Amino acid sequence: MIYGTLIVVALYYLVPLYVMVMTSLKGLPEIRLGNIFSPPVEATFQPWVKAWAEACTGLNCDGLQRGFWNSVRITVPSVLLSILIASINGYALANWKFKGAEFFFAVLMIGAFIPYQVMIYPMVILLRELGLYGSLTGLVLVHTVFGMPILTLLFRNYFATLPDELFKAARVDGTGFWGIYFRIMLPLSLPIFVVAVILQVTGIWNDFLFGVVYTKPEYYPMTVQLNNIVNTTTGVREYNVNMAATILTGLVPLLIYFVSGRLFVRGIAAGAVKG
Amino acid sequence: EEVEVTHWWTSGGEAAAVAEFAKAFDATGNKWVDGAIAGSGSTARPVMVSRITGGDPMGATQFNHGQQAQELVEAGLMRSLENVASEDGWRDIVHPSSILESCEIDGEIYCVPVNIHSQLWLWLSNDAFEKAGIEVPADWNAFVEAAPALREAGIQPLVIGQQPWQASLVLQNVVAAIAGPEIYAKIFNEKDVEAVNGPEMEKAFAALETARELAAGSNVQEWNQATTMVINGEAGGQVMGDWAQGEFAVAEKVAGEDYTCLPGLGLADIVSTGGDAFYFPAIEDPEITAAQEELARVMISPEAQVAFNLKKGSMPVRGDVDLDAANDCMRKGLDILANGTVVDGLDQVLSADAGNQLADLMIQFFNQPDMSVDDVKEGLIGILEYDS
Amino acid sequence: MDQTQSATETSLSIKGLQLSFGAVQVLKDVNMDIRQGEFIVLLGGSGSGKSTILNCIAGLLDVSDGQIFINGRNVTWDEPKDRGIGMVFQSYALYPQMSVRGNLAFGLKNARLPRDEIAKRIGRAAGILQIEDYLDRKPAALSGGQRQRVAIGRALVRDVDLFLFDEPLSNLDAKLRAELRVEIKRLHETLGNTMVYVTHDQIEAMTLADRIALLRDGVIQQFASPEEIYRKPVNLYVAGFIGSPSMNFISGEIAGGQFRFNGRAINLDRYDGAPRDGVAILGIRPEHTDFDTGSSEAGIEAIVELQEHMGAESIIYLRLDGQRFALRTPDDTHYPEGTRLSLSFDIARASLFDPQSELRL
Amino acid sequence: MDQTQSATETSLSIKGLQLSFGAVQVLKDVNMDIRQGEFIVLLGGSGSGKSTILNCIAGLLDVSDGQIFINGRNVTWDEPKDRGIGMVFQSYALYPQMSVRGNLAFGLKNARLPRDEIAKRIGRAAGILQIEDYLDRKPAALSGGQRQRVAIGRALVRDVDLFLFDEPLSNLDAKLRAELRVEIKRLHETLGNTMVYVTHDQIEAMTLADRIALLRDGVIQQFASPEEIYRKPVNLYVAGFIGSPSMNFISGEIAGGQFRFNGRAINLDRYDGAPRDGVAILGIRPEHTDFDTGSSEAGIEAIVELQEHMGAESIIYLRLDGQRFALRTPDDTHYPEGTRLSLSFDIARASLFDPQSELRL
Amino acid sequence: MAKANGSGRPSRLFRNLNAKIAAIPMILTAMVVFVGFSLWTVVYSFTKSGLLPRLDFVGLIQYERLWSNTKWLISIQNLVVFGACMLIFSFVIGFVLACLLDQKIRFEGVFRTILLYPFALSFVVTGVVWQWILNPDFGFQSIVRAAGWESFTFDPLNNGKIVMFGVVIAALWQGTGFVMVLLLAGLRGIDEEIWKATRIDGVPAWKTYLFVIVPMLRPVFVTALVIVTAGIVKVYDLVVAQTNGGPGISSEVPAKYVYDQMFLNQNLGQGFAASTMMLVTVAIIIIPWAYLEFGGRKRG
C-alpha cells in the first residue's frame, strides 16, 4: 500500500525526466512521428553533441559549452561569497546579539518576498555607480545580495541550536569574534553548509534573470544559452536538441543533489526546521 | 576595431542575414562581435537598455524603428549619426522617407534603418483550398465566403496564434485594408479618437468579428506554428507579416504554387513600414566611434542591403537597389513600396506601451466570443488617449 | 560578610552587582567577598540568577551596574580571557571537532604560549585528572564523566586563581555525580585556588562548599558555611530549601520559654537563639526528630502514613495534627500505615521563625 | 520465583521473553510473574533493556519469542490499546496543542466512551492528582511536576489494572523528584493496581518497589524485594550497583570461619550465608562500618582522606591498605585529613562473593 | 589597589564592535537594497517614467491605469488561483509523502531523491518539459487518445480557462519535494514517545497525524509556508517558459506584468506602480508574521 503509493508518485516524478532523456536520444523525424513516451527506435547522441558544441545563438555556434564555463565562473565565487557572508551574518545574529540586529534581520526576511523585478532597475543604477555593471564581480554581488535572506535565516537558526556554552567557553579561552567563527562555528556547521551550498548552487546555476540582465554576452551563463537555443524560433523546433540542452543545463545541480541528498535532509532538519 | 553588436535575431534565416552584415563589416578590417540574445525583444531589450544605462554599452544595438530608443537619445546616451547621414545623403536614398524620419530626433539622425517589414499580409495555403475543392480566394471577401467549405473539409479557415501581437496584426490589417489608409493614419498617427467611431470603422470592426469567427478553434501558440499549419494545408490562411515568408522558404514552398500572398488583404495595394534599425550608444573611445560610423555605412550600403534583406525576407530601405533574386511575394511588396500606398508601422507611431496594450486588448477579443466590438472601441480609445 | 580583609587576601569581590534583561531585573544588588582559596557554592532554585552571576564574573554578560574585582583588580569591563578565570560548563562545552589535547591547548594557543609550555601544562592537568590515556580522542568518544574531566582540565591548564563551575555535574547520573563530586573536592584541596560553583543540588552544596550563597530571585538570602545554613537558616525560605526531606514546620506561639501548639508545649531552654513571645513557627528537621523513648516532652503523637526505605536509613511520613511530618531514622524497622508513634524534638537544633518577617528568631 | 499462584492473582506474567534488534539480542529469556497490586521496579544501567521490556509489555515492540499474559490473558500479539494498560513516559509525551483536559480525554474519545463517562473519569483522575485547577491550560503552561501529573492522569483515566512507567521522574530536578516519588507511592497505595516502573535511580527503586528486577544486558540479575537486594545481593554486580556510595570490596580468603586479609582476620560467625573456604571477596556497605569502640575485631585501621558533610550525616573516604574505603556515619564530627580511625564491620550485614563466579556465598 | 584602567564603562557603540562590522553587509543589503530600492520604486511609481526613470510626477495616474487594466486584474486573479492551489496541494501532497517516507520504509533514500530532484532544476527547464508533456498534439493527451480514448481532452496549456492548472502541475512537480523534505525533517524531530502514547491511547494513525502531529509541526509548516509563499509571489520564470502568459493573456501573473510593463512596454512608471502594489500586499502579509516571529519572541 505504502510502496504502491510511493511508486506511483515516484513514476509521476520520473516521467518528465524520462521524456527528456528519451526525446533527447531520438532523431527529429522520429519525434514528429510520435509518442513522447516511447523509447527511441534508433538512439542517437547527435542532439547531445549539437546541444553541447554546435547549437547556434546568432552567429556563435558553440552550443552550451561556453555557457557552461561561464556558469562555473559565476557560480563558484557567488556561492562562496554568499555563503561566507550569510554565515557570518547568521553567526553575528545568533551569538553576538546587538541592538538593532533583529530589526535588520526582519527587514532582510521581508526582502525575501520582494519580487526581483522590483530590484532590477535600481540594481542597475547601483552597479553602475559602483562601476561593477556588466562585470562578473557585479553579478557575484547580485547573487550574494539576493541569496542573503534565506541563507542568513538558515545559518542563524543553525547557530542558535549550537550550545551557547560552547561559545562562552571559547570566549573564556580568549577567542575573539573571528576566532570563534572560524575555529569553533565553521567546523561544526557541515550539515548546514551542505544545505546552503546545494541551495545556492542550484539557485545560482539556474538563475536566468540576473545572468541576462547584469552581464554581457561573453559572460552569459548556461541558462541563458539554453534559453537562446530553446527559444530560437525557426520552422521546426529541434526538440531533441532542446531536451539534451535542458538536461545538460540541469546536470550540475542534479549531480550535487544525488551526491549529497542525504546530508541535505539532515542539514534541513538541523537548520531550517527549528525556526 | 572590435565592435560588439547586440540583436535578437537568432533563428536560422535571421542569423544568416546578420552574418551578411558581419561579413561586410569584417571586410572593412574591423571585427563584428556578435551579441545575440534570443527570445525576441522582450528578453533582449531590457538587457540592451540596462547595459546602456548601466554604463557598459555595446558598440551597436538593434531596436525596432520608432519610439523605442527615443528616451535613450534624449538622455544623451546615444550618439548622433547626423554627420554620416548628411555626408552620405541618407535623406535622399532612404525610401520611404518615413523610415528615416523615425530615426530623427530634434533634426538629427540617430539610427540606421536596415530593413522594412510589412505587416499587412494574408497568407493562404493553396493546398487547403484544393482539398476543400474551391479556388484560392483573391481577396478577404472571397476568403470569408470560402470559409464554410474549409470548415467542412476539416480545415481551420483562419489561424491566429495566441501571442497577443498576432491578434493586433489582424486589427492593423482590417483598419488599413477595409477602413482605408487615411483612417489608419488618423487613428494611429494622429490618435484621432473620432475616427474610431466613424462609419468606415464599422466595416472594419465587422470584418474583425468575422475574423474572430474564422479563427475560432485555432489552437496554437506561436506565429511560426500557425504558419506551419498553413504550410501543411491544415489551415486556410494566416494574417502575418512578411517574415512568414522565411518559414515557407525553409519548408521549400514556392510562392504562387504552394501558397498565395495577399498584401492589404487583397483589397488594396498597401504596405506598412515596420522594421529594424541599429542604434549606436555614445562611447568616448574615438577608435570605436570611427568603427561605429564604418558599421553604419556598411549597413546602409547597397550591397549589404541586398545581401541582408534577401536572407531576412524583408525589403531594403533604399529604393535604388534591385532585388533580382526576390520572389513573387517580395516583388509584390517592393512594387507597392515603389508605387502604392505606404502606411507607418505601429512601432513607428505608437509607444511600446500603447502597442502592447492594444495587442492585449485584441487577444482578449479573439479569445472571448462574448466580447463586443464596442468593448474594443472603448479600449482602443482609452489607449489612444493615454498615448497622445 | 567580612569587610576587614586586605585586598590581597580577597580573591573575588563583587560590589553592588545589578543586572537587567530589558525590563526584568535579574540581579538586585549582589555583594560578595571571597577569600583566596575558598570554595563558594551559589545555590538556588531554577531561575534564581546563579548562572547570571557566574557569567557576570566571567565577563560573558555585561553588568548593568556594580563592580567586580578579581585579585584586587577591577575587571568589570575586561574581556573574559583577561580576567584570570577558568570556567567549566554544565554541558561540558567541549569543542567537538578537536581532540582532548586540542581542547586543552586551544586557549593556550590563543594566548600564544610557547609550545613546550603548553605541553607541560597539558601534561600536568592530564596527570591531575587522570586523562592521559585519551588525550588523542575526540570528545564524542568519551563517557560523560571523562568529558567532565576534560572540561575541568580546560580550566586547569589556564593556570588561574579563580575557577567558575556552572552546574558541572547536573548532566550526569546519580552514581557518577557522587564520584565526581568527591573528585572535585579533592581537586580543590590539591590546587587550593578559589572556586565558585553553581548548583541547584543541595547535597553538592553541602558537601563541597566552604561557604554557600543561597540565592532567591537574584537576592542572596544567606551567605555562610554549610553547617550554619543547615543549623541556623536565616529565614523560612532557606530553612525550607535546605534539607531533604524538607524541614517540618509547626505553627504555634512562644510564651514563657515554651513553644506551644495544639495544647502541647515544648521547652525552649536549649534553643540556640533569642526567641521572643508571640506567634512563631517551629522548624524541625526530619533527622532531628526521634522516637520518644522517655516521656520528657509533652506527648507529641503522630500516625504513620508512609515509609520510604532507602537501605541505610528510612524516612517515615507521619500525620501530626492533620499536617504532613517527615522523620528520618537510621532504623530500618517497618512501621505499617496507621501506627502511632510518639516523637521528641531535638530543640537545640531546631529553628524558630517569625511568621511575618519569616526571619529566624 | 513463586510459581504456584493461581492465574487470577497474577497480574502480569512474562514467559521466556526474547527480543533482538537485527543481530543484536537485547533481551535474553526474561521471565517474571507479578502479582495483582505489586509495585515492580525495573532497575539497571543505561542500555540494560529496561525500556525494551516495558515496550514489549505495552505492545509497542513485537517480541521475538516468548509470551506475555496480562490478567491471565495472552496478549502477546494484541494491540497496545487492547491490553488494559496505561503508560507514563519520561518526556511526558503530552499532546502539546491540547489542553490538559484534551490530553486526558483524547484516548477515551477514541474508545468512543460516552461524554459523561469521560467527564466523570477526568474528574476523578484530576481529583486524585490535584490537577483540577489547570485542566484548561496547555502543557506548555505547566511546570515539570504538573506535566508529570497530567501524564499520570492520562494513564489513570484509562481505568486499567496495569500501569507502566518509563523513567517518569528523570527529567525533573532532585527536589521535585523526591516529592513526586512520594506521590507515586501514595497513588499506588490509593489505587492498589499493579505498576511496573523503570528507573536507573536506585533511590527510586529502593523506596518505591515491592520487588526490584535488576537488569544487566537484558538479563535479570535478581528479582527480589529491596531489602533482600540491599542485604543479600546475589552477585558482585548487584552488590556494586545498589548503594551510594558503593559497597566496599576487600579481597582475601576464608579459612576456619574467618575472613583473612592483609594479616587481619574477621570472624564470620554472624555471617548470613554459607561461606566456604578459599579465596573470596568481602563486601561491606559504608553504613555497616563503624568506628571501633571496643577492640573486639582485629585492628582494622584506616586513614581519613576526605570527608563529605551532608547535614544529616557524613561520608568519610578512607584509605585502607592502599584502597579507597567509604564509611557513612550519622555523626557530623569533622575528621581532618590524615586522622587514623579504627573500624569495625557489621558482619551480619556483609556479603561474601566468589571471585570467579562472582556469586554470593 | 584597583588599577585605574579597565574600570570605566566603555562606549556602547564599541561593544561587540566586530559583530557590528561583520554585520555591515547585512545592514547594507537590508537598508540599501531592500528598503532603499523599495522606496525608490514607490517614489517612481508616481511618475510617468517610460524607458528611463524620470521624476515627472503625475500623481496616482499609474495606479488608476493599473486597476483598470484587464491584464493586471487577470494577473491578480491568476496569482490567487495559483497561490491557493500551490499552498493546498503542495502541503497536502508534501505532508502525505513525508508521512509515507517516515514509515521506516526501505529505499527511503531512493524515493526521497526522486521526489526531490526536480527542485534542483530551474523553472526554465520545468516549464519547457511540462510544456512538452502537456502539448495536446504529442504529449499526454495524444498518448491517451492513441490508447483508444478518442474523446479524451486534457490540454490546459491551450485552454485559457484552465491554463493556470497546467502551470500548477508543473510547479507542484518542482516544489512539492522540498516541502516534503522540510516536513520530513520535522517529523523526524518528533519525540518517539508521542507515537507510543497515541498507540496506547488507541488513536488511529490518521487521527494522530491530523490532531497531534500536524499541530506539533507548526513551526516547520510556518517555515515551509514562508518559503513557498515567497516563491508564489515571485513566480515568473515558470510562466514565461511554460506559457509565456498565454494562451492570450490568460496565464499572466503579477511578476510578469511588472516585467513586461517595465521592459516590454517601456513604461517604468506603470511597472513601478504594479510592483508597489505587490510590495504592499507582501508587506501586509509578512510584517505581522515577521513581528511575531522575530520581534515578539526573545530567544532564551
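So that you can tell them apart, the chains are marked A, B, C, D and E in the order they are listed, and the count of residues begins at 1 in each.
Note that in this section a residue touches a chain if its C-beta (ideal position, glycine included) is under 8 Å from a C-beta of that chain, and two chains touch if they have at least 3 such contacts.
Chain-to-protein mapping (UniProt): A = Carbohydrate ABC transporter permease; C, D = ABC transporter ATP-binding protein; E = Sugar ABC transporter permease.
This is a predicted model, so every value here is computed, not measured.
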item: Partner chains that chain B and chain D have in common; value: E
item: Best-connected chain pair, where connection means C-beta pairs in contact; value: A-E
item: Inter-centroid spacing, chain D versus chain A (mean Cα positions, whole Å); value: 56
item: Centre distance in Å when chain B and chain C are each reduced to the mean of their C-alpha atoms; value: 90
item: Centroid spacing, where centroids are CA-atom means, of chain A and chain E in whole angstrom; value: 16
item: Residues of chain C touching at least two other chains; value: none
item: Residues within chain A bordering two or more other chains; value: 120, 227, 230
item: For chain B, residues contacting two or more additional chains; value: 46, 53
item: Chain C partner contacts - residues on chain D that touch it in the complex; value: 46, 173-175, 178, 181-182, 185-186, 189, 200-203, 206-207, 226-227, 230, 242-246, 285-287, 305-306, 308-313, 317, 328, 330, 332, 337
item: In the complex, chain A residues that touch chain C; value: 163, 165-166, 168-175, 179, 183-184, 187-188
item: Complex contact set, residues of chain E against chain A; value: 12, 15-16, 18-20, 22-23, 25-27, 29-38, 40-41, 53, 97, 100-101, 103, 105, 109, 111-126, 128-130, 132-133, 138-139, 142-143, 146, 173, 177, 181-182, 184-186, 188-189, 219-220, 222-223, 226-227, 229-230, 233-234, 236-237, 254-255, 258-259, 262, 268, 271-272, 275, 278-279, 282-283, 285-287, 290-291, 293-295, 299
item: List of chain B residues in touch with chain A within their complex; value: 4, 6-7, 9-13, 15, 18-19, 22, 32, 34-40, 43, 46-47, 50-51, 53-56, 58, 222, 224, 227-228, 247, 250-251
item: Residue ranges of chain A in contact with chain E within the complex; value: 2-3, 5-6, 9-10, 12-17, 19-20, 23, 31, 34-37, 85, 88-89, 91-93, 96, 98-99, 101-102, 104-123, 126, 144-145, 148, 150, 152, 160, 176-178, 198, 202, 205-209, 223, 226-227, 230, 239, 242-243, 246, 249-250, 253-254, 256-258, 261-262, 264-266, 268-269, 272-275
